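One chain, chain A, appears in both complexes that follow, with chain B as partner in the first and chain C in the second.
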Partner chain A sequence: MEFLRMFSGDLINGIILGAVYGLMTMGLSLIFGVLKVVNVGHGAFIMVGAFIAYWMFTLFGLPPLLSAILALIVGIALGFFFYYVVMKWLLEAPELSTLLATFAIGIFLAEVAKAVWGPDYRGYSWNVGSLNLGVTTIPMAKVYALLSSIVIAVALYLWFKKTRAGNALRGVVEDKEGARVCGINVEGYYALSFAIGIGLTVMSGVFITLFVPVGINPYMGEVYTIKAFVIAVLGGLASPWGAFFGGFIFGLVENGSYAILGLIPGVEPFSLTQCLAFAILLVLLLLKPEGLLGKK
Partner chain B sequence: MKGGKVKLVLIALVTACMVFPFSFSAMAALPGKVVIGGPISLSGKFAKEGQQSVWGIKAMEKWVNATLGGVKIKGKKIPVAYKYYDDESKKEVVTNLMERLITKDKVKFTLAPYSSGLTLAAAPIVEKYGVLYNSHGGASNRIFEQGFSFIVQTLSPASEYQTGPLEMIKKIDPSAKRVAFLFQDNEFARAVAKGAEAKAKKLGFKVVFNRTYPKSARDLTPVLTELKNAKADILIGGGHFADGQLLAKQLDDMGINLKLVSILVAPTLPNFYQALGTMAESYMAPGQWGIGAKYSPAAAKKEGIPYFGPTQKEFMKYFLKESKGVKPDYHGAEAAAAFLAYVKAIDAANSLDPKVVRKVMNKLHFMTFFGDWKIDPKTGMQIAHKMVVLQWQGKKLQIVWPPAAQTSKPFYPMLTIKQRKAGKLAIVK
Partner chain C sequence: MLKIVNLEAGYGPMQVLWKISLNAEEGNVTALLGPNGAGKSTTLMSTLGSIKPWGGEIYFEGKDVTTLPSHKKVEMGMTLVPEGRHVFPNLTVRENILMGAYTKRASKLMKESLDLIYTLFPILKERPGQKAGTLSGGQQQMLTIARSLMTRPKFLMLDEPSQGLAPKLVGEVFETIQKVQSDMGLTVLLVEQNVDITLEVAKYVYILHEGTIKAEGTSDTIKHSEDVRVAYLGI
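Up next is the complex of A and B:
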């Protein structure tokens, strides 16, 4: 009985963590899907979002949910800026050039953040109560992070499927030359998708602080970059929806397997949860190399 | 043309990335000075601790030159100089920079970088070249179990970190028997855990929970759910700053009330309170040092050992000038003490030969504002410096243990989550 209580509590927490992981990865997948650019500086943009949430809350008392809108706007602006200043000139260059460029952008952002805000670890407390589910108690901030992530993922899905711009973007992904022949401004959509990708990533930084509202510092992005890559590959590198589902699976395995692994005597379950998550990734890639929702 | 633009953009980016970190590194090495130096983290995950260390060392460099005129070798006073490079908190960079400091900059008295992992990484390099290596941020006992002969330690070893809270609880509440350990899985925390476990067993505590969490963990909920079921009185744990802060936050989120929680590193820094507000009240942490620690010329006299270096008041003055008003935490103080230890040892040895200075170090026992300094001659490990236990009380970080160093009595048991949420402060009556 105690085991079941722990297990179900871990699963619930895994779902919430997974939703944030999923949202965090969608931007990475979107950029790769459209531009075929692997954004190695992904984590630095998450850091920018986390700092936006922190400063807006501590300076103006702005709730993180409202900061998310600001973060989206700042992220889109940063996306356009880096696209036109850097990425546009490298799209036809060898893949290593874009890899190096995004890596450099990541370091640049982290160092600028350090120069402006210092190396301190920061954090804030947005106390909005908690939800007692019997098997576990969840802070409402995490519930908001879960709901917001789902709403954003669905909104992005609808934008892609139901709007003219979304259809055009899908056309660019399918066949760049064909889209150009049809009169679609391919370069414009490249810029737009990069900007939206970065916007989503910066916004996810705000939601990450609803989950982990402490430890905000210029170098916090590194661990998220690694996780986002794993989740993106799990979901199908070019598929934002795959990334979202991949995030759920990763979160569920990472948290949900703890109670089961804890039954094995003499092992550290928390170390094995990560190992298990990567093992599942390997098995899935062997069975479906293109990832969960990726296309061959 | 397009290829040219590509090159231009890449060159601009790489230049921008190189200019930022290096703009914060000092490059000065003047001839005719005794150069003490080492790699230190000014960027990356240890940037905060590294920055404190640099401020502490620079403060002592200024104090030594202004007050003593430098080190005295064969009757001649030679100014001291501190040389450092940013190691980006990376092992591979640390080893390269240490090699550079020794071979190009000719540094014979090196200061270890921050953290046990980085200290251990550079140890074989200094051993190879036979230069001295003083650890001020590498506490793991394993560093000193490798048979290195040129390494010495200024801070207390990791095995001593969490023994203070256990000694304290044994004294003030013998009925609190159930202890839980929850540490991050890293070099430093593993050594702390080993020392704490041995101490707990020796003092007769019952270890009801003993787990670790990985460095990359961003949600400790599963392990805390298990901890909740263990019904412990005391929690001893942590790793570094970010995870320690997360541990405190999630303990409260999950409604886990304990009589005492002592977490490594995180509660020792003001940002812990800034982030958690009154939820930080009554959290404890082991510290190498705290403002108000009672190490003074009078205390040294009482102990029968010499006092060396500035008083705490003087240290604060020099430090605050370097940091432009940011108060020192123990990372700044321990680095400053390591620098002072070199000055004291070179003076005593009357030589700049690392082998001679190392031999003299074996016989030294003195006190600075940071506390006692004495090493085990065989391993170089620190054996005289005492840890303190710090606690957040009424928005201030107080030294609560050992009694000789107390700035306030311990607030025990710690406030409940409900009390802290209501804004109650841990004030000792």
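Up next is the complex of A and C:
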């Protein structure tokens, strides 16, 4: 009974964390889907968002929900900047060039963060009460993170399906030559997608801080880069919606396995959980390389 | 309507076009014939701006459009039916057609264009919800032509519309092209390898070979010129 109570608590937490993971990966998938660029520096943009949340909160008492809006704007600006300064020139180059370039951008951001803010681990706590669900108690901060992630994902979905720009972007994703002859500014939509993708990523960094009480530091991004890759593959790589649902799956596996692994004597569940997630990635890549939700 | 002067273009270090010049007269079908690798597609792609010309000038309705990005050219009334069709495979037939009305000018005329297209291509009206990728090759070719008409072009470039189609369908596609051209008063620049049908529909023909224009003339002249036929067309 005690186990079931704990387990269902873990699953609920898994769903909440999963939504944030999903949001965290949507930008990666959007950029890959449109530009066919794998952003290896993904995690560094999450780090930028985490620092925005931290400084806004500690300096001005700004709640993370408001920092998220600021982070989106900063992220979009960074996205346009790195697109026009770096990515634009590499789109015709071999894949290795874009991989190295995004890798370099990631290191650059982390080193700038270290130079400016130092290497320390930082954290803050946004205390806005908690929600008692019987099996577990969840801080309201995390509930807000869950709701915000869902709202953002739905908004992006509607933008994609219902607006002129969203439709044009679908055309660019489907066939860029086809889009060009329809009069769609393909390069303009590359820039916009990169900017929105980075914007979403930086914003997700704000929500990530609600799950890592003292984990904010210049190099925090790496683990999220890797997690986002797993989630993106789960969701079929090129689809932001696939990524969002992949996030839920990953969150559930990560949290759910925690309780189960804890039952095995002599096992330290925390480190093994990380292991398990990547074991799943390997198995998935072997059995269904197009991703759980991906198309062949 | 379209005038190309000394156009040079290529990919990476490889030059494909060597100072070619041609003229597409308003209201006519002009054709560019030549074997594979002659530079026909490169000519069309650099004219629309999918690839950047290395040199030379392109004039559209008297305006120099050489360096203009392709979306601006489409807004001005130029478009291309690309080689290999390039439909949006996971979008529906209707979504594909409507994508053609993306530019501001075309979106204002969308209703009217849609009526026109559905009269020309009744098959597309019958299956609005079908994914474009599941259509047959001929239907996809019709869809690409329909989509290009939605952009309300004055000047339409067609890149090997007969490619990969059964002979019966080739006839159908060309009938459609001729009908559209005369109904809408379009100026057409047609790129083909299919010599017979091209000489039938085109008024003026350029022969492109290894990146240069080797001969030009009215269809009749080309048809009866023994030298040109043997040397470049192989018939």
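A few comments on the model shown:
Going forward, the second predicted complex is superposed on the first by the 266 of 296 C-alpha atoms of A that agree within 3 Å, B and C clash if a C-alpha of one lies under 4 Å from a C-alpha of the other, contacts with A are read in each partner's own complex, and residues count from 1 in each chain.
Quick note on the criterion: contacts are C-beta pairs under 8 Å (C-beta built on N, C-alpha and C of every residue); 3 or more make two chains touch, one makes a residue touch a chain.
All values reported here derive from a predicted model rather than from experimental measurement.
Applying the stated contact rule after C-alpha superposition, one finds that A:E268 touches chain B and leaves chain C untouched. Residue contacts after overlaying the shared chain place A:I184 against chain C, while chain B stays out of touching range. Of the two partner chains, chain B is the only one that A:P139 touches; chain C does not reach it.
Of the two partner chains, chain B is the only one that A:G215 touches; chain C does not reach it. When the two complexes are overlaid on their common chain A, residue A:D120 makes contact with chain B while staying clear of chain C. Using the contact criterion defined above for the overlaid structures, shared-chain residue A:F108 touches chain B, although it does not reach chain C. For chain A, the partner touching the most residues, choosing from chain B and chain C, is B. Within the superposed three-chain model, A:S8 lies out of touch with both chain B and chain C [touch as defined at top]. Common to the chain B and chain C contact sets on chain A is no residue at all. Those residues of chain A that touch chain B in the shared complex are 2, 6, 9-10, 13, 17, 85-86, 89-90, 92-93, 97, 100-101, 104-105, 107-108, 110-112, 114-115, 118-125, 127, 130, 136-137, 139, 211-215, 217-220, 222-223, 226-227, 254-255, 258-259, 262, 268-271, 273-274.
Residues of chain C that touch chain A in their complex: 48, 50, 69-71, 74-75, 79-82, 86-91, 95, 98-100, 102-103, 106, 144, 147-148, 150-151.
Interface residues of chain A, counted against chain C in their complex, comprise 164, 167-168, 170-171, 174-175, 177-188. Interface residues of chain B, counted against chain A in their complex, comprise 2, 5-6, 9-10, 13-14, 16-17, 20-21, 42-45, 47-48, 50-51, 89, 185, 211-214, 216-219, 221-223, 225-226, 229, 241-243, 245-246, 249, 253-255, 269, 271, 274-277, 279, 421.
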